[in-house]
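Below are two complexes that have chain A in common, paired first with chain B and then with chain C.
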Partner chain A sequence: MTGRRADRHLLARSTLLAAAGVAAVLAPLLGDRYTVYLLTQAFIYAALAVSLDLVWGYAGILDLGHAVWFGAGALAVGVMTTTVGRDGMVVAVHGGAGTYLVAILLGMAAAAVAAAVVGAYCFSWRGSTRFYVAIVTLAVSVVGEALYLEQRWTGGDNGLFGFQLRQLDRVAWYYVGLALLGLALGIGILLTRSDFGLLMRAIRDNEVRARHLGFRVDHLKVAILAGGAALAALAGGVYGAAVGLVSSPLFGFLFSTQIVVWVAIGGRGTLLGPVLGAIALEFASSSLDRSFPDQWQLLVGLAFIAVVVFVPDGLLPPLGRLLERLTLGGEGRGPARSLLPLPVRGRADGEGEVMAALADVTFAYGSLQVLRGVSLEVRRSELLCLIGPNGAGKSTLMALIGDGTMRHGGSIRFGLHGVDTHRGRTVDRLARSGVIRKFQTPSLFESLTVAETLLLARHRGRLPSLWRRTRRIEVPGAVVELCHLSGLDRHLDVPAAALPHGLQQALELAATVAAWPDLLLLDEPTAGLTVQERRVVGEVLRRLSREQGRTILLIEHDLDFVDELADRVVVLQDGGVLADGSTDEIKRSERVRWSYLGVSTPS
Partner chain B sequence: MRLEVSGLSAGYGASLVVAELDLRVGPGEVVAVIGRNGMGKTTFLRALLGLLPRRAGRVAVDGRDVTAEPTHRLVRRGIAYAPQEAGIFGGLTVEENLRGGLLAGPGGPSAWREALDLFPQLAGRLRQRAGTLSGGEQRMLLLARALMSRPRLLVLDEVCDGLHPPMVARVVEVLREQRERRGLSVLIVEPNLRAVLDLADRVLLMKRGRFLLERSPSTPGAREDLEHELVFS
Partner chain C sequence: MLLLVVLGLGIVLGLMDVINLAQSGFMAVGVYAALAAAHRGLEFWLAVLIGTAASALLGALAELVVIRRLYARPLDTLLATWGISLVVVEGIIIVFGHGPQSFDEPFVSGVPMLGVLYPAYRLLLVAAAALAVAVLAVIVRFTPWGLVARMVMANAPLSRALGIDTVRVRQVTFVLGSALAGFAGAVLGPIQGIDPYYATSLVAPAFLAVLLAGRSLSGLVLASAVLAVATTVFSRYFNPVYATAVTVGVAVVLLRVFPQGLTRWRG
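Moving on to the complex of A and B:
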């Protein structure tokens, strides 16, 4: 889109937001007491919805027990400001503003710690799918509600009540609620527009690729869940202080589901959608609840199903598109990102030293023996091609080198700084140390654009900024070249999922190079390219190894291409090394001709 | 099978990827569509097979208008498709995948035998989960399954990608043989001319969603024309 149109869009959006802001600020002067009270509650719920949107909508962690964190915030306030009698009834209320503040902070801390424990349990287990965390958090919510009812200090059946902070009147609480929503939205907008926001979406889209780019995915997910829980607990604390009531349903599964419904109906991953969803549904429920007490819940349920079926993205995105078409046209994305070549680096030291040494490596998938004793060395700054029939074990060997947690026989050692050992090192640990693999079939972050993918790859596991949004991405010159040759540079703002297969291949290669690993493991990097394109990509790779000190291990089928490219060739067959030498030696080798090229007699 | 496509247009969202394409594949004919990445080759195949909604155009099989038919009906008419990726059922065994192909057409035991003769590597792994096969072996499985249904038209998207050279030669050999013996028609999409030169009766060059050039590889100068357009246009 043109700059002017972007400006106009920004202006229209700012005007809308400003109008909404003014309306929100003036509302208490116009509305009756009940409306003001309802709005206060709706704002607090909207802040809660924002916290779930960050966790679920952006990072893809479906937290079905989000109410528990909210409840924890409210409970902390209740417990610290009331005294419970022997029969579980509140007998005294105490505490000033300071007590409330401390209680809210403690509630946030408790929720964050509890969420971190739940997250650590869910995410550290290797076999866990993305549904695992949903089931565990659901259980937490159910158990949370049941436990609440059993305790005396929580007020049990009756809950705790009567403790609201009376120094503030209804109108003042209204503004506190508004400020809370503003704070939550502010945090949300800052976070999701930042470089870290990209990482959250990357983890949602493709955890495996994120690990392979060096990110500590498990830790990050625990941190995101804990952060979301803390924000939810803040909302809960404000709710407690404003309403002066905490009881078991606040922890319950029903309330948890309600938060999910707000987010889903509004539009997850949009921040504003969940806010509108929470406010609209909260309003509708309070007015309809009185006229149709029995049918109301059913209506919400039907609306939820309708949204899931007909507008799975929620109501905001289609609404936004409609608005744009009516008023402005074009998409309202921020200004595009661009690539900047980094100055060329000199050769790495230690050329010819051993970069990776494999000794007698064996590996089996169950009863299927894939590798039967592979020994080979990759030297620094070398371009080594791995060839061999389909099923010879090439990709498996590459996977083993890049992942120290796969159980295998023999030994793999690196000549990298700080990673001499291999066994037990996770994919992300090895990636951070400089070993990165490009898969055979493209594995990308579908919603991230080309530029965003390259930006994340550049970080190679370093934590991206939580607030800064990088627009000019510095990448090695080779990446600029690859993008130009493949045509990726004309699609910098296109999401990976919308690229044709060949460009996805090119992007994965470019991202691998952008991460600037010492050892690149490339599984058929030129598949799907034309012969001419292959040649130029080959040229770039060769310069990477000869002039810029990268070590490359590459799987390839096209022998002519291998001939132009490789310093050395290793032929793998039936899980063993059949031959190891220069391309000439390999081409002359009788055994290779017979088994690989399918030539039975010397010509 | 005689396939006739006329005026086919398709795209994603607001963009039109292929526009007004005409193509005929006769019985026993091998037609190749070549072109660089992003030119619309895969989109063309997907629209042709009804996997992507068509914006315009007509598709006819043996003179009968099948434009309105969904994909599974086209398959029952004898069209088999080997897509570029994600074509196998990774959780099923090799054998279960192949049986799926058997269900889709009149193959029977002889087709079973032929496909396993072509890929002896698969014959030894019938019980293995298909998802644990190597990339190249998965391509073999895809091809074997497509042949299993005894199709009358085989639609291949970069089928030899990731296969090692002797295997590519075998596949070409088998396709030729099936064409001669059973009149199999083949439609191939490929970025590289070289891969289809030995096989195709006609080669069409696709450029930004249109066919730019059509040549028969046997005519003199055809190869040079195509190569030139592929690189420079």
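Moving on to the complex of A and C:
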């Protein structure tokens, strides 16, 4: 969006928010005691919804046990401020404001640790899917509720009660609730608008790609889940202190799904949507529950189904678009981020050194032997083309070089800074050391724009800032050139999913180059491109290797292209190296002509 | 007992990649419909039949209105079916009220077995579960419909290209799953307390059993057996509440060890 338009948009939005804020601040002067109490509760729930939105809406981790973290916060306050008698009933309440504060902090710490354990268990496993996390968190919720009932220190069936902090009256609690919501929203907005927010969405969109750009996806997901749990526990602690009640349903599956409903109906990944969803549903259900308890729940259920089926993004995005059209008209957006070329570094030293040495590498998918002893060397700043018929094992070989955890025979050694052996090194570890792979079919972060993708790629696994929002992205000159020649620079603010195929290819290539790898693995980067586009890509690649010392391993089918580009060619056939030499040597080789080109004698 | 619950869920998940959190809702519909029929003086088995039919009908409706639109979005299906169960439960509350209901066992005699008197009705349930498994196995293995269902399960786009109405197959499967749920709900009625939240406690273990089972009937039997034994042993020797926790824990760990299901551990 152009500057002025963006300003107007921001102004409209801030005015709305400010109006809502003023209304919220003044509300207790107008409403009756019960309304004030309901709103307080709704605000706390809204903060809880924000914490789930960060975890689920932004990072894509469906946490069906989110209530447990909230419950843990409330329970910590309850346990530290009450004395339970032999029969499991609360007999005394004690503790001053300080105790409450410490209890809330302890609750947050406990929830974060518990969530980190659950997360580490779920995410450390390679075969883990999105469902597995959902199932395990669901199980945590079921188990949590069951265990709660059995403990004396939790009050068992009755729960703990009567421990609300009495120094504050209802109106004061109202403002505490409001402040909590403001804090949660503030954290949420800061985080999601920062560079780190991009990474969260990147992980949600395409974990594999994030890993291949060097990010420690598993650790990040654990951290995000733990952070969300801590925020939920904070809300729970405030709830405990304000309401003075904790019991097993707070941990249960039903309450967990309730939170999911708020977020889903409001609009996951919008922060404001879940807040409005939680406040509206909670407030409405509390007021309507008394007159039509059952019909109301039925309605909520129906609304939930309708939202899931017809507006999976939730209600806020379509409403927001409507508002935007009303206030701003339907004009397109200009670039909000721009690229800045980095000064070109000189050629790297050590040209001709061995970058990667493969010795007798074998690999099999089950009983299918794909690689039968491949030996080859890739030297620094050379452009090595890998050719061969379909099924020769080219892509497998490339995948293997980029992932040290695939079980294989033989050895692969690198001449990179920091890594020499390959075995056991994860994809992200290798990517951080400078081995980056481009997939055969474009693998991108669908909701991230071109500029955002390049920004993340630039980080190559380094943790992006949690609060800063980078607008000028410094990228190597080659990336600027690629973007300019391919036309990507006219689409810097278009989400990857909305790009045509050719530009998606170009974007993934640009992103892998932006990561500035020492060893670039390219699996048919020009597949599906026009002749013109190919020439552009070829030109940039050649300069990358000759002038800027990058080493490139390239799979290619177009032999003319190979001829123009390659320093050296390796022909792979049937899982073995058929020939290895300069393009001229390869072209002259009888065996290659016979097996690959289908010609038996030079004509 | 778990097996009966799991069966319906299993074919739905296995055949359609739909995780049906509404299964407990369908079970509740089954038992309440049967209850209503029984109150009007119908025979027990006739009432069970009506319960089964009612939930099948509801399943057909749910499939038509909701599930069909979500085949491509499995996570959303999970949410939508949960919404369905919410609606069903509230619907039941509106019609039948909150209170617990009871359903008399059709016969109260016991059969001496291994020295203890085992209630005949429970034996019958075991037999019914075995029969249902057998019938399903025969259908899936040996009938053309079973073949088609397995085709759709293996590769839906290809089946569609071969002229198979995959939507229809999925619909039939879903209805069958709902009917089984209704049947399970109705026959389990007499040995369980009945309230609108009927069977929600069974959903989590059943759900885990299905995931454990992978996509085969034998897996289903094995998985529900493992979980049922774990639960029984634990509630016998320790605390029944811990039993739930342990069952869930066992399932979660097993699922990690055998992500494809128990019967495919070699893969």
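Definition applied: the second predicted complex is superposed on the first by the 595 of 603 C-alpha atoms of A that agree within 3 Å, B and C clash if a C-alpha of one lies under 4 Å from a C-alpha of the other, contacts with A are read in each partner's own complex, and residues count from 1 in each chain.
Here is the rule we use: a residue touches a chain if its C-beta (ideal position, glycine included) is under 8 Å from a C-beta of that chain, and two chains touch if they have at least 3 such contacts.
Just so we're clear, the structure is a prediction, and the values are computed from it rather than from any experiment.
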item: Contacts of A:V531 with chain B and chain C, given as first, second, both or neither; value: first
item: Which of chain B and chain C A:H219 touches, first, second, both or neither; value: neither
item: First (chain B), second (chain C), both or neither touched by A:R546; value: neither
item: First (chain B), second (chain C), both or neither touched by A:H501; value: first
item: Set of chain A residues, in rising order, touched by both chain B and chain C; value: none
item: Residue ranges of chain A touching chain B (in the complex, touch as defined); value: 365, 368, 387-396, 440-441, 486-487, 498-503, 506, 523-524, 527-533, 557-559, 596-598
item: Parts of chain C lying in touch with chain A, wherever the complex brings them together; value: 19, 66, 69-70, 73-76, 78-80, 82-84, 86-87, 90-91, 93-94, 204, 207-208, 211, 239, 241-242, 244-245, 248-249, 251-252, 255-256, 259
item: Residue ranges of chain A touching chain C (in the complex, touch as defined); value: 62, 125, 127, 130-132, 134-136, 138-139, 142-143, 146-147, 149-150, 253, 257, 260-261, 264, 294-295, 297-298, 300-302, 304-305, 308-309, 312
item: Residues on chain B engaged by chain A in the complex (per definition of touch); value: 12, 36-38, 42, 84-85, 121, 125, 128, 132-137, 139-140, 158, 161-167, 169, 191-194, 230-231
